[in-house]
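Going by the order they are written in, the chains are A, B, C and D; count residues from 1 in each one.
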Amino acid sequence: MGNTFGHLFRITTFGESHGGGVGVVIDGCPPKLEISAEEIQFELDRRRPGQSKITTPRKEADTCEILSGVFEGKTLGTPIAILVRNKDTRSQDYDEMVEKYRPSHADATYDAKYGIRNWQGGGRSSARETIGRVAAGAIAKKILQQVAGIEVLGYVKRIKDLEAVIDSKTVTLEQVESNIVRCPNLECAEQMIALVESARDQGDSLGGVVECVARSVPKGLGSPVFDKLEADLAKGVMSLPATKGFEIGSGFSGTLMMGSEHNDEFYIDEAGEVRTATNRSGGVQGGISNGEDIVIRVAFKPTATIRKEQRTVTTEGEETTLAGKGRHDPCVLPRAVPMVEAMVALVLCDHLLRQHGQCKVL
Amino acid sequence: MGNTFGHLFRITTFGESHGGGVGVVIDGCPPKLEISAEEIQFELDRRRPGQSKITTPRKEADTCEILSGVFEGKTLGTPIAILVRNKDTRSQDYDEMVEKYRPSHADATYDAKYGIRNWQGGGRSSARETIGRVAAGAIAKKILQQVAGIEVLGYVKRIKDLEAVIDSKTVTLEQVESNIVRCPNLECAEQMIALVESARDQGDSLGGVVECVARSVPKGLGSPVFDKLEADLAKGVMSLPATKGFEIGSGFSGTLMMGSEHNDEFYIDEAGEVRTATNRSGGVQGGISNGEDIVIRVAFKPTATIRKEQRTVTTEGEETTLAGKGRHDPCVLPRAVPMVEAMVALVLCDHLLRQHGQCKVL
Amino acid sequence: MGNTFGHLFRITTFGESHGGGVGVVIDGCPPKLEISAEEIQFELDRRRPGQSKITTPRKEADTCEILSGVFEGKTLGTPIAILVRNKDTRSQDYDEMVEKYRPSHADATYDAKYGIRNWQGGGRSSARETIGRVAAGAIAKKILQQVAGIEVLGYVKRIKDLEAVIDSKTVTLEQVESNIVRCPNLECAEQMIALVESARDQGDSLGGVVECVARSVPKGLGSPVFDKLEADLAKGVMSLPATKGFEIGSGFSGTLMMGSEHNDEFYIDEAGEVRTATNRSGGVQGGISNGEDIVIRVAFKPTATIRKEQRTVTTEGEETTLAGKGRHDPCVLPRAVPMVEAMVALVLCDHLLRQHGQCKVL
Amino acid sequence: MGNTFGHLFRITTFGESHGGGVGVVIDGCPPKLEISAEEIQFELDRRRPGQSKITTPRKEADTCEILSGVFEGKTLGTPIAILVRNKDTRSQDYDEMVEKYRPSHADATYDAKYGIRNWQGGGRSSARETIGRVAAGAIAKKILQQVAGIEVLGYVKRIKDLEAVIDSKTVTLEQVESNIVRCPNLECAEQMIALVESARDQGDSLGGVVECVARSVPKGLGSPVFDKLEADLAKGVMSLPATKGFEIGSGFSGTLMMGSEHNDEFYIDEAGEVRTATNRSGGVQGGISNGEDIVIRVAFKPTATIRKEQRTVTTEGEETTLAGKGRHDPCVLPRAVPMVEAMVALVLCDHLLRQHGQCKVL
């Protein structure tokens, strides 16, 4: 339970940090979509460890194998299973974790829930789990692009208190990928990189905010009440490791406005389309897309595992201290960008199919 | 689709603002729970309109009828259907809405999605839909209390820029209910009430933040990966009308800390329990409750319907203006409190049952 | 749990035999479908008690009220809630059932599962629960008819050992409704009626077989593996009260053939369509409709409640005897016909929407 | 969609006959269950091809690899992914199938649904898909055994018109496995083997009936209404390839009895337990287990692929003939036994967990 996401376009992930591998089964994919392992690998490479000097040095090529569901380069409509083997596993780094709970990590809660835990690299709570999401997200993105020209793009908006000015309407993938911190504002990006290096050198870590925009989303996606688009987006990204907050459109700062300031007034654009003059709604009204850009923000806490010594307890209930030894990111933000994009793409793709299923039949 | 919430403790709501009524079907409720219509009515009265001078004057007693699933005062384990009839409906207030889309409301998006819309009072997008959630939440609360002594309590933390200092560890229901704005800090509450009255008098509206705490939550609730507790909580509250943001624990402000500051160090308390010295995690680590208080915050935008005139368009694609005539809350926060509590209780109850189903069998 | 059926076209039923009423919430219905309470009532009248001398004399008009989801005669795409109040309830008939378990009924198992039971009229296990299914089935039938011209028609094929020769390709609703036993073979129908009257007069009961055909089903409905069309059809009808068996196409008798006899050879018809010369597959191959008529058969056991005295036990664990007093059908078959049709229509409608959602997007 | 089964104990299968492999992801497994690849392999060996002279000669060791969810011999509570690589694939055997639809197979319907098809060995419609089910079933069986001492045992009851007398109350696994046709009545087994060999030699095929019994099932499993135990069992087994019918207890023949004959009268046994004198209900009343043996029967049609020449059509719409060349079972019954057992175990395990989740919390 809890390892499946989506209703019509539905993914199930599996795998621990160490062991046979991690992966995903994608069920409900439309047939006849052209897809290659290379396209999936492109996104996996954006999330893989060891990609730059500011990420964890764990070396994982994270090469994916498509086990099923694709035939002669096209999807069959049957489940697409994708497997990534675990390679550079140094379980000796985790020897101490057999007995000591890492603060603000999932060690203690897994033990409380299951009474058993794979202590190697965090087991199922490792960010390696997100490989399956990112692989599935690559396919979702392609569907969104082909069916409706939808583009999903994330970037680092803030690290600690370094916030970048970025125009969500015009930012491009090239700009995002132009630097290792994935902040399309180059000046700010340099400062961010320096900040991350400094934290890493101190054995400490940083958090921040990823912003993600979905452009060219057709009107009408999303289901009222519980499966509002913003509700499913919130669930999607809040299920990523290390997330502490979610906003859409005006978010928390919108609560400081009066209704007369906050409302998005309607007008008719040159093409005769109903549009809104502002986009405080973030592209969603009443849980349904209104054709404007969908804009969300996600708060990521500073990485829990740090080299600095901290107070903790053992599984036997003794107080002790711990200094992290594994290879970890001093800041998860750069690698979180493709994860956030994947979750947004998965939600939109699911709702696109649901919209066809319910509202384009009669 | 999209009108069902929960996996083992599962609710389905129905109904529009005008018409036969609104309600809920609760499936999966444990049998032999003592429950009365009065207990449900207590929560419905906290959300009903017309309860004070700062809420909408729409007069709805919102009296609930239990149609099924309860026999001689106890739950049967079969679906509990609860119906609330619509009474004080003045559809003439909405005559203009037949043709004009209310800005930042769901009128235009419902039309885009379905090609049809019940324009009376917002139809399904009306906050009346939350009656079913609050009724179900009353039952969820009782289960949580009986099985594990869990208490779920919400309150208004901020209206516009008026933020109250409140100790989430000790705040009581009596304090929350002691004033009409549901802010347990009485001094701040008075200021908030004045602010809402002022906005109402100007024909304008206000937003703010509801905070909600769940106390005495046992360790081990929540499912890793997609159904992390914070993910389901985020979905639950972000599916409420007018929400724009969600936080758990340190939330967005936690991103400003270094990892060494942010981490919740472990210690052993007098009872020999593993506890955390701080609670930046907000009671959840790796998606699973850790025994500390669960603390979340939800951003509600200023009410979209205001009396002030605004630019909008007609269903025929003509630009026009609109000044709201219906009876609406100048600030949804006071009535949002029981809604947020309901969603938190529903999520916790579902995960409590799931925990029994998976982890207490062997 | 267990009171919801379907994935995209999804129904949830509620209600006990005695109490506030029974009903259904239909989620995922396509918008803008014209539907009236009268159309739903037509099907409810086919299943209601007291409709003829060979059904239970319990008098229930079973008048339905549409609570939500329909506006000005058309579906809104939001949940359609339908309520039927319980009227002619004589709970005194059930006084004995408070203490005595009726043989082959659900009294003892409900007590074993829930530790509580509404003993009035069988509570949730009453066939009154099927009202919600039949109401929802009426809407499903209309969608099937409008989208694809699909017709779903059931009839009594056999009562005890009286088996009727009926041509599933040509039988009409008028023929089925031409007599009170719903067997379109008139000669056989008369014999069946006499047989039922005889059983009723002896205080005994009869079982039999309902056959149901779905005609003009487009190729391609059904999902391979677990949600094969025959699997969902089997689940649907086997969830009806009193069912003991399910067959599709050649069914159990097909197992007596050699493969070379059983296989449905392909040919090209005048219209150039791929067709099968025989239809032992029953319209489904590999879980997917092949364009031929879908033909299923359902075994209904003889009604469990009979006036004849039988050995049973009390809730206190004492052996005793019981002679049924409630008003029951001596043979459920005539009223089971619209129930089987409803379940078949619900399954097909769900798969029709799913097919659009997955395979008609790209 | 359609590749996931179960609600709390939930499996998702993937894979085609040819390609990277087939497998399963099991979500919701209770933690700390001891399980080994050997235990899973035992069941896989019972279903694998090439196991005897009366099954397909395709040589597949079907060796399973546990990719995740098991650590130091125990389940973690996280998803258990199991992979079986495809080995002995002779796609040249299927060259003709690129263009010719095999009668009563899924080739034509897959094309109709998806517009694309993996023609190698039937792709997803191959019985190789059931490997994932059987692997998951092995784990479900172990849980059932450990939690409640439940035993699930299937056997060949009939091949064509050769029906064996078997006592479902006392039959043992050893008796079933004592011969290659898996019929525990040895005399009948010999006749069956001779019949299958004769059919094979003629290039023809046979069908029959598998009976399956679940013993020591506690009272109270199963959920009323749609998820009745018999409904979920029916769906489970009718989702297996080649099934045409399902019965529980008295099944179709029960419809020939009068109610007074058919009802299972209650009595109190020596242990003071409520029992039934007969078991026409097949262990389930009102959708809930009553503590008696659950007994079901499943009809399997004769294998569709035969060496005899048959009329068919090409994908281009030309009439032609086809004589099967692949390596196929002349009769699927012996290998179907572990498949039926797996589906029954999966259904029972899911309902066991659900029963704990709903009814053992308060």
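Miscellaneous remarks
FYI, a residue touches a chain if its C-beta (ideal position, glycine included) is under 8 Å from a C-beta of that chain, and two chains touch if they have at least 3 such contacts.
Every value quoted in this text rests on a predicted model; they were computed, and no experiment measured them.
Common neighbours of chain B and chain C (chains touching each): A, D. Of the two chain pairs considered here, B-D and A-D, the higher C-beta contact count falls to A-D. A separation of 45 Å divides the Cα centre of chain B from that of chain D. Centre-to-centre separation between chain A and chain B, using Cα means, comes to 26 Å.
The mean-CA centres of chain A and chain D are about 39 angstrom from one another, to the nearest whole unit.
Contact with two or more other chains is made by residues 1-4, 7-8, 13, 28, 31-32, 77-78, 113-115, 124, 224, 354, 358-359 of chain B. Residue ranges on chain A touching chain D, taken from their complex, read 1-4, 8, 10, 12-16, 19-23, 25, 27-28, 31-32, 65-69, 71, 74-81, 83, 113-118, 123-124.
By the touch criterion stated above, chain A contacts chain C in their complex at residues 7-8, 28-33, 77-78, 143, 146-147, 224, 352-354, 356-362. Interface of chain B with chain A (complex): residues 1-5, 7, 13, 101, 103-110, 112-115, 124-125, 129, 158, 160-161, 199, 204-209, 219-228, 230-236, 238-239, 241, 243-252, 254-268, 272, 274, 276-277, 280-282, 284-291, 299-304, 306, 308, 310-313, 317-319, 354-355, 358-359.
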